[in-house]
Amino acid sequence: MPIFKPIQESEAKGKVKEIYDEIKTTRQITEVPNFWKMLANDPNELDRTWNSLKDIMKKGALDPVTKELIYVAVSITNSCEYCIKSHSAAAKKKGASDEMLKEMFAVVGLANKNNKLVDSYQVEVDDIYK
Amino acid sequence: MPIFKPIQESEAKGKVKEIYDEIKTTRQITEVPNFWKMLANDPNELDRTWNSLKDIMKKGALDPVTKELIYVAVSITNSCEYCIKSHSAAAKKKGASDEMLKEMFAVVGLANKNNKLVDSYQVEVDDIYK
Amino acid sequence: MPIFKPIQESEAKGKVKEIYDEIKTTRQITEVPNFWKMLANDPNELDRTWNSLKDIMKKGALDPVTKELIYVAVSITNSCEYCIKSHSAAAKKKGASDEMLKEMFAVVGLANKNNKLVDSYQVEVDDIYK
Amino acid sequence: MPIFKPIQESEAKGKVKEIYDEIKTTRQITEVPNFWKMLANDPNELDRTWNSLKDIMKKGALDPVTKELIYVAVSITNSCEYCIKSHSAAAKKKGASDEMLKEMFAVVGLANKNNKLVDSYQVEVDDIYK
Amino acid sequence: MPIFKPIQESEAKGKVKEIYDEIKTTRQITEVPNFWKMLANDPNELDRTWNSLKDIMKKGALDPVTKELIYVAVSITNSCEYCIKSHSAAAKKKGASDEMLKEMFAVVGLANKNNKLVDSYQVEVDDIYK
Amino acid sequence: MPIFKPIQESEAKGKVKEIYDEIKTTRQITEVPNFWKMLANDPNELDRTWNSLKDIMKKGALDPVTKELIYVAVSITNSCEYCIKSHSAAAKKKGASDEMLKEMFAVVGLANKNNKLVDSYQVEVDDIYK
């Protein structure tokens, strides 16, 4: 009994339908993922989120694989299972190797530990970083 | 009145002194950062943490700049000011441009938003990721 | 093999039974939710938590719907599935519309993003807020 | 020695200048807050964030005061000092009373506690919410 | 320009004054800490919080030192500086040694790392724990 | 379709096999838990993590039960279901009573609430803790 239901592709109209089509074309996939089908309950949020994602995740000073790895690193830190699964798959599709994923996992583990050691010992910012 | 005080370089002995020297040599810096001086209150933790970091952050399938950017992305998600400042500086020293940092910030913002939209709408994992 | 088991209504005695009855009467429900059945393993915690909740969530300067929306917003930020589901349902029962829930979701997404952009850029508090 | 510096109003050009002017007009303030001055280092992110915020925080099914309270509740849960301070002030400016803020604080405290009690006892979702 | 101001001891009346006196007697201190002075803006929340804390932190199956260490471990994980400082001091006053604090810090670091490695590799719960 | 698969005991070789054997001997268990089988995809991370855990969780100034309780308290705060389940079981195996677990839960709930009340009221650190 979820509060909201996914907006299926057959129900999509207007702006939602256009975005669904663009998602499938851009990603070269045949079915719209559940994330977008749920967001479509709020067409403005769907629009904002899809357009931000398209713009932010594209090649820039960082390549798309690095951006996906950073996205997954944040999602692990926030324990978002859906996001970890879908963006790990996206990272692989864009060229990330298993070794790259495993090294990213190790960095995420290390950073989470060290972040808390800094809080434990109440480490002061060094003068050179002030 | 912090519970623990930094172990200054002049006080360092044995394993702590060796690690301090290695930190300065590896990083090409002239003073040991406060993080390590505080961890030195627990020499075994200093040893484990330094050796893990040295091993995890070195060049592998991912280059050191990408690893630093991932480290900062996690630190932002955890709001660790010390870690953001020191590892942003490390990223720049290893070759990250301002554009790379800003693009990473945008990915971190987006991922944090989308992680929570997934929770808001209780999005189910797509069959293809199960 | 969970460590603790729910205390079923048929097993409830004394203070636990009284609270179970009060929960059902106040909420106009016929079965005690699992949260309270699990908390009943620690009758003092059940007592404290139920009485705090009853007092805090009642109409005051804020109406009960607004309070439930705030409760859900926190639960999304903490990724507590049980809490999101049960308190979204409570919000709807008390009068929240689907539009209200969706607007709350958008605010939660935005705030989570902006909280992290503040950390990314290490934004200083403006003088007027100091 | 922060990595980025605020873009002062006197330095703002083009899209950044337009957004600065719009922020001051919309908010009826005479100086652009530091958050926007820092985001201006990435004009596209400034644009996306300002336009999202303007759209999401405006009156809808929820009034602007409720939206600000939800924003602050999320910011407390994420411990974002800047966000707590600036959006508490915004809430008050839009009409929130001290009583409303204090009741919101109590809900945030309660929800954070209960979110963790759910995890402690590994509470299963009730059948009626499945 | 904080929204709320501490309620000084000279201003305290009725229930607030009684609780202030009880805090000083129980803790054997001569001045009420800022946490309670701020909570006193909401006398009911002060009452609930003080009485919960007094009941939860007292000797039971766990001794008061262990409870303080657990309290600090949570506060580190949440990066609450005030809570880390005040409850580390409380732990020491109740008998915690520096070695105990440092070992707790190491456990907190390790658990934070391993929690995220579990998310990274999406580890399934073993049958024996189901 | 998880990205990585557990390395079964029958597939383990070299360092991984040695660590698997040591885990079973030290823990007096007949099957390697899934956490270690997944970490074995990165033998260096398996090595680091197992050796850190063995060293950190052993009897020191704190007894192993207290360390397990602290580990679970952190895992609850991070909502790591796997970690809560496996380390609650470990705590019980090492001698923790149900009462001890329930008191720990209450402390965790209280600390999470108070951590957020500190942020709500922006409580300043008392002079005696500075």
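In order of appearance the chains are A, B, C, D, E and F, and numbering begins at 1 in each one.
Convention: a contact is a pair of C-beta atoms (placed from the backbone, for glycine too) under 8 Å apart; a residue touches a chain by one contact, two chains touch by 3 or more.
Here the structure is a predicted model, which means the values were calculated and not measured.
Student: Considering only chains that satisfy the touch condition with chain A, which of them also satisfy it with chain B?
Tutor: Output, common partners of chain A and chain B: C, D, E, F.
Student: Could you check if the interface between copies chain B and chain E is built from the same residues on both sides, meaning over half shared, or from different ones?
Tutor: Counting shared over all numbers used gives less than one half: different.
Student: What's the rotation angle, in degrees and to the nearest 5, for a C-alpha fit of chain C onto chain F?
Tutor: 120
Student: Which of these pairs, B-D, A-B or B-C, matches A-E in more than half of the residue pairs in contact?
Tutor: Matching more than half of the contact pairs of A-E: B-C.
Student: Hey, how far is the Cα centre of chain D from the one of chain F, in Å?
Tutor: 34
Student: Taking the mean of the CA coordinates per chain, how far is chain D from chain E in Å?
Tutor: So the centre of chain D lies 27 Å away from the centre of chain E.
Student: Using mean CA coordinates as chain centres, what's the chain C-chain D distance in Å?
Tutor: 21
Student: Which positions in chain C touch two or more other chains at once?
Tutor: 1-4, 41, 44-45, 49, 52, 77-81, 85, 89, 102, 105-106, 108-110, 112-115, 117, 119, 121-122, 128-129
Student: Are the chains arranged, by touching, as a line, ring, star, complete graph, or other?
Tutor: complete
Student: Mind pulling up the chain C residues that touch chain A in the complex?
Tutor: Spelled out, the residues of chain C in touch with chain A are 79, 85, 88-89, 92, 98, 101-102, 105-106, 109.
Student: Where on chain B is chain A touching in the complex?
Tutor: Result: residues 2-4, 31, 33-35, 38-39, 41, 45, 49, 52-53, 56-57, 60-62, 66-67, 69-71, 73-75, 77-78, 80-83, 85-87, 89, 97, 99-100, 103-104, 106-108, 110-119, 121-126, 128-129 of chain B touch chain A.
Student: Give the list of chain C residues in touch with chain E in this complex.
Tutor: 1, 44, 48, 52, 55, 128-130
Student: What residues of chain E sit close enough to touch chain D in their complex?
Tutor: Touch residues, chain E against chain D: 1-4, 41-42, 44-45, 49, 78-80.
Student: In their shared complex, at which residues does chain B touch chain C?
Tutor: Residue positions touching the partner: 76-77, 79, 81, 84-85, 105, 108-110, 112-117, 119-122.
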